[in-house]
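Chain nomenclature is as follows: A, B, C and D, assigned in order of appearance, with residue numbering initiated at 1 for each chain independently.
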Amino acid sequence: MKLTTFVAAACIAALGGAAFAEDGALKVGMITTLSGGGAGLGIDTRDGFLLAAKLAGGDKLDIVVEDDQRKPDIAVQLADKMIQSEKVDILTGIVWSNLAMAVVPAATAQGKFYLSTNAAPSALAGKGCHQNYFSVSYQNDNLHEAAGAYVKDAGYSKPFILAPNYPAGQDSLTGFKRLYGGELSGEVYTQLGQTDYAAEIAQIRASDADSIFFFLPGGMGISFLKQYADSGLELPVVGPAFSFDQGILQAVGDAALGVINTSQWNKDIDNPANARFVEEFQAEYGRLPSLYAAQGYDTANLLLSAMDSADISDADAFRAALKSADFDSVRGDFAFAANNHPIQDIYVREVIKEGDVYTNKIVGVALEDHANVYVDECKM
Amino acid sequence: MTDPVLVTKGLTKSFGAVRASHDVSLDLRPGEIHAVIGPNGAGKSTLIAQICGGLKPDAGRVSFAGRDVTHLPTRARARLGLARTFQVSALAMEDTVLQNATLGALGAKGARAGLPGLLGDALAAGDLRDTAMSALERVGLAEHAATVTSALSHGQRRQLEVAVALTLRPRAFIMDEPMAGMGTEGSQRMTAFLDGLRDEAPILLVEHDMDAVFALADRLSVLVYGRIIATGSVDEIRANAEVRKAYLGEDA
Amino acid sequence: MTPLLFIEQVLNGLQFGVMLFLMAAGLTLVFGVMGLINLAHGSLYMVGAFAAAAVAGWSGSFLLALVAALAASAAAGAIVELTVIRRLYDRDHLDQVLATFALILIFSEGTRWLFGSFPLFLDIPDWLSGPVTLPGGIEYPLYRLAIIAVGLSIATGLFWLIARTRLGIRIRAGESDREMIAALGVDISRLYTIVFALGAALAGLAGAMVGAIQSVQVGMGEPVLILAFVVIVIGGIGSIKGALVGALLVGLTDTLGGLLLPEAFKLFMETSDATATGSALASMLIYILMAVVLVWRPRGLFGGAT
Amino acid sequence: MSRERMVNAALMALLLGVPLWAWATDEPFTITLATRVAILALAGVGLNIALGLGGLVSLGHAAFFGIGGYAMGILASHAQSYTPLMESPFLLEGTKSMPVIWLVAILASALAALVIGALSLRTSGVYFIMITLAFGQMLYFFSISWPAYGGEDGLSIYLRNGFPGLNTLDPIQFFALCFGCLAAALWFNARLVRSPFGLALNAARQSPERVETVGLGTFRLRLVAFVISGAITGLAGALFADLNRFVSPGMFSWQMSGEIMVFVILGGVGRLYGPVAGAALFITLEHVLGGISPFWHVWLGFLLLLVVLFARGGVIGLLAGRRVAHD
């Protein structure tokens, strides 16, 4: 089956309210953002996930995809629907931490498995961890921690750091400081959704900063980078992968060139699984895969690997199978820490231009076999 | 002679360069109908608005029932017993005639109770309904009690205006053209009705219908360009040279 | 904080204010002349930005992109006025709010349908990029100076248009007495279409100019729309002068508030708490400003009695 | 029985019947949808008192919806983590009991409505629309950037709060609770319309100067209406939070205010059961259109336009015809 028709079938099934239940297929409910702001991330997540399902033969997973419109209450409603009327076994796909916080605790409390393709807030990694909740992407702090480690290793001594004033933003700066550990030249919280950073750039100019770390997901990052590039300031900029991902990079343009960012994946990681993923994704969709696509792809493969060794009806066995993480991750080595979050390498990437397309190349490793600081708080 | 119920002293109000009221002083005594007449644009509506509280005068004072009310809002003056009818009907057009009359009754009661009740039926039999119905009966609208106000003729709306004023059991009426839009017969009935009403409370009457004015008024004030040029009995006004000049353009 | 930083921030506030003015001018004109409250004004801003990004991507010329933004948003404005808006003039504000809310839905998702879910690319042209050194040694981006210049000249142009031209006389007449100018033989419905398209074009221009330094994406118009409403309400609805004063006030309050409040809190709080609290308060500041202005002057700073 | 009454009765029968049928056929999600309709309709009933009866176009009712939601979120999260809300000057514990939460939600949103109303009602017309919007935005930004209760992430409550004698986790029982609240609010609203207060408020919408000249204060009438309206919408917020077992700043967003207004208008402004019809239609459309196209908002937009331009009485107006006089 060609993937497009497969997607169409999955969608029709989802929309018609009655998914096709093939024998032995595991029923997966994917809640992700397909409309409104941020839809690009959800679309990539879905496409990566569906690609893996297709490559595995297409009949093992029975996938219901629904759009959460990036609204927590819609996400909760969809989760209710998938659990109550679609009778799914597994939930996955949520991009945003606040939506995950709305859906995950209730879903796991009802005995369902949740595999995170992206969002992994600290609240679900520490005291709020759950044996049925697995984050296949990272723990939210990881990329910021890696950036902190990179800044320290690169010998910068006065970074200026900024993030939006909301929990993920606060976690970000905390994560950065955790592994950087040195002196800051400034620390600023911006408004969520802010589009003009002239004031912050002026503050940076007036400070004695020798580098900049920022976490500004989505359109905020695009705005910041464009305005920074135009300011004449030439301090090195470091950030987590989100503002430099494949989907968003084309809108930033030259302003992003040379920027260092941290990511647990890149398309040039040298392993057979990754090479196949990048090739198949381009063949199927005609564009380069993004981090979100890679995370979706890995999540589906993890799920498929668990199905090979256990049946979902035996929850304990299935959980153990998931936890063994016996699959070929596009990231190379991959294992779960005690709190079901990944232990993995986190890379340093640089934005480059390949022909007409802006993309990243790996220039180093920031952290090796990195887990997260919440492991000890988690009592399962 | 008893003290006047309503007194204005030196009311002055300008809109930009236009002086709508200029040093207007008049009074309304118990038991009388005091008519204010004047050509269009003389400032009659502005005067009423200042008396009733819709407009603040630039200078001058209004006192009512022995109190200085210049700085009181409309509703406080109403609670003191000042009842007004509007030239352009200000009724709740989507509501029935009875509902409009009940509103007045409610206002009169609200003077004591503060806020109207949240529960209970406004139109159920009781004080409110009795007050409203008797006012409607007096103006001859009782059989239209259930009619939606917007379906009334202009004349009937005037009657309803008067009925709402009646429900307040006021100490003085301020009536802005209560005969407007009425036919001859309607005017005559209204004239007869107002004639009897003066014993209940005095009326400050602004009216264009000169037959009615001359039939009713104990005293007349003539307002021209915001200024009262004469006050007196009907005969005195008829004979007044300035009035003749203002109305007829005759040289004195 | 150094005086230089402060001056730079004032310039930033000014630039932000000028952008808001372009948005607010159309809104306030449309309200003043037609009595219409238009929530879809932000969508016209978005149309301008998307048109500019599309044309810049195709032609490579920024000026051509600006022209396209003006044309596209004016056209979108005119079409919307002819098909929907003109049915709303004699409706109450409630209907207007609802109908234009519906237009937002149509514009936003329609744009996403056409252009996809990813942000578009629009960049500053080379001849406007980079900083210039101002007297006193302030390095300031040339492009932002250009925005200030364009905004202020458009403000001047608007004042001239309203005060001196035939169209302006009609607009002013339309504000005070609709029946009168209709009776004088002015084609009132054409006047309305022109005013609406003019307001739309200004919004589109703002969208295109801002798009070059921000992100061109669906939904970019709504935050700006809300700010523009704050501006015209503070200034007094219907007053162009009020819109200008309100825009600068909001621009400066927002920019300087974000800078000064955290600093102020640092005087008596721990640094990170001060930053968080200060930022929280700063994000509410312009709404507090608006509420204070309205409580003090219920019709805004320059609002007449309507 | 007038035609509007028949439409209303049919509407309530449908809202009650569909989930019962879904319960019988084991379709719990349909019950969840119906619960959503009941709760959003309740929010609309609240707004309708200000909007339909009082003529107060508030574009900031999400403020009260959100306050109700956070009343639930804050109380339940403290109960969930066994930490008191406040230790001095006196000990205040969180709670998982719905009646207590409802009371707090109603009181808190009424208090907020009193403050917001007292300031906003000094203005009128567009200024009123905008100042209520401003207050909503203020709370929105505050809730995002205030870290204590989750900020942008919101608050997740793992288990639905309890109600004496009921198992609230059972969809049909929770639906019954919400339906009961809606019915009570509708009953109260109907009484209010007929009451002396309703008469005066209704008149103040049509002719404020008339109300002033009979000695009643329009400001006070409107303020009381605004407070009642805010309190009911606040209760709906608390229920909504319990339905989702989650609260977030999204409940404060101006789009939420807009949606509540859409329910009222879709159903028919000032119609007692308008919000019920509006919310039911909206949720059904969301469910059906959302299934047909990811761009369903476009179609919703067109539908709304059509209703505003051509069907001014909303759904109830279409079904029941033009309004006739009372009595």
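Operating definition for what follows: a residue touches a chain if its C-beta (ideal position, glycine included) is under 8 Å from a C-beta of that chain, and two chains touch if they have at least 3 such contacts.
Keep in mind that this is a model prediction, so the values were computed, not measured.
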Shortest path length from chain A to chain C (each step joins two touching chains): 1
Pair joined by more contacting C-beta pairs (C-D or A-D): C-D
Per Cα centroids, the chain farthest from chain B: A
Euclidean distance of C-alpha centroids - chain B vs chain C, Å: 49
Whole-Å separation of chain centres (CA-atom averages), chain C against chain D: 32
Approximate Å spacing (C-alpha centroids) for the pair chain A, chain D: 36
Separation of mean Cα positions, chain B and chain A [Å, integer]: 74
Contacts with two or more other chains, residues of chain C listed in rising order: 108-109, 112, 276, 279-280, 283
Junction residues of chain A, two or more chains touched: 35, 165, 170, 189, 191
Residues within chain D bordering two or more other chains: 141, 144-145, 147, 295, 297
Chains that touch, pairwise: A-C, A-D, B-D, C-D
Touching residues on chain C, where the partner in the complex is chain D: 31, 37, 84, 87, 91, 93-95, 97-99, 101-106, 108-110, 112-113, 226, 229-230, 233, 237, 276, 279-280, 283-284, 287-288, 290-291, 294-295, 298-300, 303, 306
Of all residues in chain C, those that touch chain A in their complex: 1-2, 4-5, 8-9, 12, 15-16, 108-109, 112, 116-121, 123-124, 129-131, 139, 141, 143-144, 210, 212-220, 223, 255, 258-259, 262, 271-272, 275-276, 279-280, 282-283
Chain A residues touching chain D - in the complex, by the definition given at the top: 15-17, 34-35, 67, 71-73, 76-77, 80-81, 84-85, 97-98, 101-102, 104-106, 109, 121, 123, 165-168, 170, 189, 191-192
List of chain D residues in touch with chain A within their complex: 27-30, 32-33, 36, 141, 144-145, 147, 150-154, 156, 158-159, 171, 240, 244-246, 248, 250-251, 290-292, 294-295, 297
Chain C-touching residues of chain D, taken from the complex the two chains share: 51, 57, 59, 119-120, 122-127, 129-131, 133-135, 137-138, 141-142, 144-147, 254, 258, 261-262, 265, 269, 295-298, 300-305, 308-309, 312
